[in-house]
Structures are given as structure tokens and as C-alpha cells.
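We call the chains A, B, C and D, going by the order they appear; numbering starts again at 1 in every chain.
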Amino acid sequence: MDDVLKFAQAVFAAQPFSQFIGAQLHSVGPNSAEIWLPLREELNQQHGFAHGGVISYLADNAITFAGGIALGGNALTSEFKINYVKPGTGAKLIARAKAKSVGKRQAVCLCEVFAVDEGGKETLCALAQGTIVSAR
Amino acid sequence: MDDVLKFAQAVFAAQPFSQFIGAQLHSVGPNSAEIWLPLREELNQQHGFAHGGVISYLADNAITFAGGIALGGNALTSEFKINYVKPGTGAKLIARAKAKSVGKRQAVCLCEVFAVDEGGKETLCALAQGTIVSAR
Amino acid sequence: MDDVLKFAQAVFAAQPFSQFIGAQLHSVGPNSAEIWLPLREELNQQHGFAHGGVISYLADNAITFAGGIALGGNALTSEFKINYVKPGTGAKLIARAKAKSVGKRQAVCLCEVFAVDEGGKETLCALAQGTIVSAR
Amino acid sequence: MDDVLKFAQAVFAAQPFSQFIGAQLHSVGPNSAEIWLPLREELNQQHGFAHGGVISYLADNAITFAGGIALGGNALTSEFKINYVKPGTGAKLIARAKAKSVGKRQAVCLCEVFAVDEGGKETLCALAQGTIVSAR
């Protein structure tokens, strides 16, 4: 997976928005991806938790990478759905996405987003499901 | 609607993430909200278009405000679904959301996100549907 | 639209499940479709209302036809999302779907499902949004 | 789980639509449910596969039961999203749902629907995610 990780990290580094909010592509597998996002005040909504848009960015991007790797190249999120279940709070958010069904041109992926406290304790924060299509 | 707009804009101004990315709550109605986002490079993905996470932020936040106003106070997006249909490109994005069904504690809202070029021409960029719940 | 309606009704008549539950393709437009379903006890869940699965069938099928007509031929629902907002009760259900964005190979459609009482009064029962792909 | 299974099966038996199409509540766990549906021609669409509405019924009902059991009583599906990934064909369909996040009043559930051939081989047919709310 070293080459795949290098390719994926090059794509990730070329996303200005991911850099802007400080996200990191932490790791990838043959059909999975994990993105980390250290939390800071700029990412919050009015109640002091991570904004839903931040959490949906993570889910969107994690399924794009999981699906893109599974499909073997550049890919786009065509659509997704997200359920927020707990506030995004703590030291960082971690999004873990996996392709559950992979065809020639599209993959259906699931994602779990966790809120992680200073001690590393993870709390499920959101669940997402979506379609990734090959950009070729 | 002047008082409602003032209340909504105070809430919007209290969202650090909305300030961070430069979004503006443009207008509200009795069950609707419109958010504008001037585009700039920091908001892009690797192909030079607005990142999907930026578009999903707009949809999420626009339905939160449309539903919150319809429900009469602070509210949260419980879940939503988004279909991306055209690249987010041009001078700005505009998200227009409307509550289509309003109960005591929750509202179901639709949102259209448009990519707007320098001349003001709007192109449908994404469609979203989601549930807003009262935060009381 | 007469030829399109004939084609659509031939496809509809070839769906054993639509016949089994008694649905009718009522009308079509250039990018829309309306399906009627007279209610009867066999279609209910345990509280005496139309089963959610019946309502989701209507939404799924109505967007398939709206999207298929807009795409110009046989089509399949790739994915959709539905929010139930009121019980499915009364004399019949009516699903009205419209393609909101039409590309070469796929369309994104919205659907409203209404519960209609004996006097013809319509109450919004469910909202759906989904992706239709050409079957060619 | 014997009492829970009895309760769940009594609710299931009280769903006329589930009886009408011939579905069976096969088993339940503390936060899960499995529904079986023998396939027959009446359940098909025009291409000879199970109609999407049949598959969405299964997903909807399986998450209702998984979420209802997790929440401790009668429950309703508030909303869900489904991705169809392979044709529903073979001897039967099996829907397996699990509550992934359980609060006081609502649960977020995932569901996998499998097409099962005569020899028992399972093929993933659809993936769903939705919100179940307590009916109390």
C-alpha cells in the first residue's frame, strides 16, 4: 500500500480546503481511508462543537478516498447521506471510511466519524453512506 | 421578518466556522434561508472546484437556518443527504433552503445550491434534503 | 407526450410488483411522473397506516419514471433517501416526482408523496430525493 | 432474547403488508433484526428482478425492528437512505439491520440486504442507513 498511500497523500495535499482546515490523510487500505482533523475554535458552530459542515467534509472526503482507492484512481463523491449522533468535541475528529461494494465505475462506501478526547477515547459522532464515481 | 433576520444573523455570526470560510447569511423568510459564499482558492479540491465539503457545509447550514426559523428557535441538523450535480465554480455559491414540512419538534427541509458566475448566472450545483430538530 | 405516456405505461404494466399492490401510473410529463395507489388494509403496518415500505416503493418508482423519461428510456433507481412526515392514510396515496437535474447518464429527482382523503384533500406524507441512471 | 423475539414477532405478524408480500422476521438480537423474503414473480420489476420497492421495504422494516428493539419498544422509521448495488435475484432476500447509535428517543441503524441463491450463496444487494424514533 505504500505507493497507494503516496498517491493518495499527493491528491490530499493538492486539496486547498483540506489544508485550510488542517485535515490529515492518516492512512489508507485497499478499500479504506482514515482522515484526522485536530479540532480548534475556528471549526466550531455556535454551541462550541465542531460545525456539522466540518463533520460532513470529513465524511465526504474519507469516502472519496476509500472509494477512489478501491476504484483504482481519481474519484468524486456523487452523493452521500450523514446522520449526526453526538457532538463533535474533544481533541480531534477521526473519519474512517470503507468501500462496501465496488463496481467498475462506482463504489458505495460507509464512514464512521469519531470524536476523540485528549486521552484517545473515541465516541461515535456521525455515520455516513455514499456513492463514489470514478473520475476517469 | 426583521427581528427574525437579526436573531438568525446573530446566531450565524456566532458560528466561528461560517466566519472562517467567509459565508454570509444573506436573507431569511418565515421558513427559508439563503446563504452566500464567495469562492476563493482555499475552498477548493484538487481539480480547482469548490470542495464537496464546502458545498455540504452550505446545504447543512442553510437547512439548519430554514428549519430553525420555521421551528421558532435554535435548531440542529439531525441528518441530511446531498447530491452533487455540477462543479462548484464561479464567483460564489448560493444555498437556498426551505422547510417543506414543519412539526412541533422537527422540520424536513430541502436545499438547492447554485454556482454563480461573475455575471450572476446561476447553475444548479447540488440538491439536499434533511431533518432539523429543535434544540430546546 | 402521448407516445411517452404509452411507453411508460407499458413499462409500468410490465412490473409485476406494481400490479400486485395495485399502483397506477397516472400521468407523465417531459421530466415528471405521477403514480397513484388506492389504499387497502393489505398495504398497512401495525398501526393501520400504509407501511413505510409501500410509501418508499411509490417514491422509488415515481423517481424511476420521472428520471427515465427525462433520460429518454429505460432507467433504474441507483439510490434514494426518504423522509416520512405524516401517516399514509385515507383513500389513496399519490407520488409526484420530478427530475431536477438531468445529465447524459443520470438524473437527480425529487418526489413528494401525498395522503389523499375521500374528499380529495392532500396531505404531504413523505419527501424523497434520489439518483436515476440510464439502463442502456 | 426469547421474550423480545416473541414481542417483535407479534408486531411483525400485525403488519398486513409484511404478510401480504410473505416476509418473515427470522431473528432478533439486542440491537439487531433479520428479515427474510422468499422471492416470487409478483415481487419483481420489469427486468425480472425484485422491485426496488421490495428491497426498500425490507431495509425500512429491518431497521425499524433493530432500532425498536434497541430503544425498547414500538418504533417508527423516520427516514432512511438506500443504495442498490446488485439485482435482487435468487431464492430469497435477507435484510440484516443493526442499531449503531442508540439514544433515549432515537437510534441510527444500518442495514445490508443480500440476494441469496438456491445454494445459500449471499450477494450484497443493497445498503441502507436510517433513523428510528420511539413511538411512545
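Convention: a residue touches a chain if its C-beta (ideal position, glycine included) is under 8 Å from a C-beta of that chain, and two chains touch if they have at least 3 such contacts.
Everything quoted here is computed from the prediction, not taken from an experiment.
Q: Considering only chains that satisfy the touch condition with chain A, which of them also satisfy it with chain B?
A: Of all the chains present, those in contact with both chain A and chain B are C, D.
Q: What chain lies farthest away from chain B once each centre is taken as the mean of the Cα atoms?
A: Farthest by centroid: D.
Q: Distance from the CA centroid of chain A to that of chain C, rounded to the nearest Å?
A: Spacing between the chain centres: roughly 33 Å.
Q: Please tell me the distance, in whole Å, between the geometric centres of chain A and chain D computed from their C-alpha atoms.
A: Taking the mean C-alpha position of each chain, the two centres sit 28 Å apart.
Q: Report, in whole Å, the distance between the mean C-alpha point of chain C and the mean C-alpha point of chain D.
A: 21
Q: Multi-chain contacts only, two chains or more: what residues does chain D have there?
A: In chain D, the residues touching two or more other chains are 78-79, 81, 83, 108, 131.
Q: Under the touch definition given earlier, write down the residues of chain D that touch chain C in their complex.
A: Residue list for chain D touching chain C: 11, 14-20, 41-47, 50-54, 56-58, 60-61, 64, 76-84, 135.
Q: Which residues of chain A touch chain C once you look at their complex with the stated criterion?
A: Counting only chain A, the residues touching chain C are 78-79, 81, 108, 131.
Q: Which residues, counting only chain D, touch chain A once they are in their complex?
A: The contact residues of chain D facing chain A are 81, 83, 85-86, 100-101, 103, 108, 110, 112, 124, 127-129, 131.
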